[in-house]
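Take this structure, written in structure tokens, and hold onto it; I'll ask about it next.
Going by the order they are written in, the chains are A, B, C and D; count residues from 1 in each one.
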Amino acid sequence: MAKIGDWQDDTALLTFFWPVRAYIEDTDAGGIVYYVNYLKFMERARTEALRALGFGKQFILNQEAMFVVHSLQVDYKKPALLDEELRVEAHIMQLKRTSMIFRQNIYRDDAGKSELLCCASVKIACVSKDQMRPTAIPAVVVEKINLAISSQAV
Amino acid sequence: MAKIGDWQDDTALLTFFWPVRAYIEDTDAGGIVYYVNYLKFMERARTEALRALGFGKQFILNQEAMFVVHSLQVDYKKPALLDEELRVEAHIMQLKRTSMIFRQNIYRDDAGKSELLCCASVKIACVSKDQMRPTAIPAVVVEKINLAISSQAV
Amino acid sequence: MAKIGDWQDDTALLTFFWPVRAYIEDTDAGGIVYYVNYLKFMERARTEALRALGFGKQFILNQEAMFVVHSLQVDYKKPALLDEELRVEAHIMQLKRTSMIFRQNIYRDDAGKSELLCCASVKIACVSKDQMRPTAIPAVVVEKINLAISSQAV
Amino acid sequence: MAKIGDWQDDTALLTFFWPVRAYIEDTDAGGIVYYVNYLKFMERARTEALRALGFGKQFILNQEAMFVVHSLQVDYKKPALLDEELRVEAHIMQLKRTSMIFRQNIYRDDAGKSELLCCASVKIACVSKDQMRPTAIPAVVVEKINLAISSQAV
């Protein structure tokens, strides 16, 4: 299996984070956050990153194209517990014509200490709504991302 | 609050049950099945009851009308635990022009003993797909239910 | 079925609200928020109401007693859509020795207009952790709630 | 990213499958099964594979050790739709002292045609319950798996 840790040294094009609270609905009988639910938390962060760039889901829904998850890899390091507030990062690592790669980390920040609980790499593909075939990411999205990259880079 | 127990003496028009296994995905940090998830189990039983009558979701999807949950009441009595197999009942108690009322019980059957864990009353409304306005339940559905009632009653 | 609307004229002892965003994880193939998930949103509001009073889940977990959902009633009025921000209310209507009743409403506030999507009545029971028998709500919780009631009432 | 397809030529030590129905609870507003939920389906297949070997969750719960998901990779190929019955495979590819690797495929079988919707590689680690440190898979589990491998291999 590829080591997600290979990404560690890469420089993200764009970074974003979103706080998520772990509620009872997110936990399982092991007394911890059910590992599948981290993927929901990560999608919330990607959604909010796009919203911060000006693209609410309604915008996305109005396009001919849509984003779908193409593939993902997750490494679980430590469990999150009930009621903890987590910091979910969404870094754009790669922006191609029909896809994007996000690196996502989930941290617990406590008493000035930051613990990495989970990290992932998520490839998002842009597909046509009618045929689900790969298609170019809408130009306006690419422009906004590039604009944000240049302002963040300064 | 109305006592769901008021239904106990009613005679169901039609009865159906569906077995459901409680997986780790269904539990919470209390070590029990997360109470919200019983509603998913109950919907599975209603869905399978309709399928048993000849109406898969695809049939429902092809109609002008669709079924939505109008209201529900749930009484929680005892918790279900990880890995238990539950018996989920769906009884049609009332069949009207634009709605149906289901009574639903969830039991754990163990060593010849049957324990009631949860019971509910769920009102399903038939609405038009375009406007979400109450509309008559498709005639073919009413006929099949009535046919099943008469054969079960015999 | 009891009409939840009967509660409308009651005066809540204490009111609280919590904003919730509807993400793709919350929706279903009908293109709307899956009706079961409103119960998760309502629990988030109850949890945050208790936290606002000074009781995080960790506090609750450290007690001999715990809160469980005893029963609930929900009326569904209009569906919420993907990406909408909802206002979830949690009103304490009744505070007894071993139980509390919350009335909960979910609203969509849009362009100065407020639409009621869903309302519920949720009875929470306080039970002992070992035997799951009804037990008195911890005195410190009752005190804090009463304190909040008197300051809100002024 | 590692190509999960690299596994295709490997010979599984042990194979198992479990049928799963896609209910409305599993779908999202895109009209398809929410991609995160495939991971729940895959876990159900792993759980049932262990049960078929004689290890219900209760057995697992009684051990000093427990299984946790260490890491996973998923490739999404085609979406599953509401009400479809899916075949979820769980192949044990590797059995080590403290971990196992499962390859998991999800198929839709329709009219004699079999379509691969999703495939994954899931690494399960055996950890001590108290400290969550890697520990040997219980001997009885290893024995049963090896026994099943030899009888399946014949």
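Note that in this section contacts are C-beta pairs under 8 Å (C-beta built on N, C-alpha and C of every residue); 3 or more make two chains touch, one makes a residue touch a chain.
This one's a predicted model, so the numbers in the text were calculated from it and none came from an experiment.
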item	value
B-C, C-D or B-D - pair sharing over half of the A-B contact pairs	C-D
Interface with more contacting C-beta pairs, comparing A-D to A-C	A-D
Distance between the centres, which are taken as Cα means, of subunit D and subunit A, whole angstrom	24
For subunit A paired with subunit C, centre-to-centre distance based on mean C-alpha positions, whole Å	30
Residues within subunit B bordering two or more other chains	24-25, 30, 36, 40, 43, 82
Subunit B residues touching subunit D - in the complex, by the definition given at the top	21, 23-25, 40, 43-44, 47, 56-58, 61, 82-83
Sites on subunit A touched by subunit D in the complex	1-2, 4, 30, 35-36, 39-40, 43, 66, 68-76, 78-79, 121, 123, 132
Partner subunit C, residues of subunit D touching it in the complex	24-25, 27-32, 34, 36, 81-82
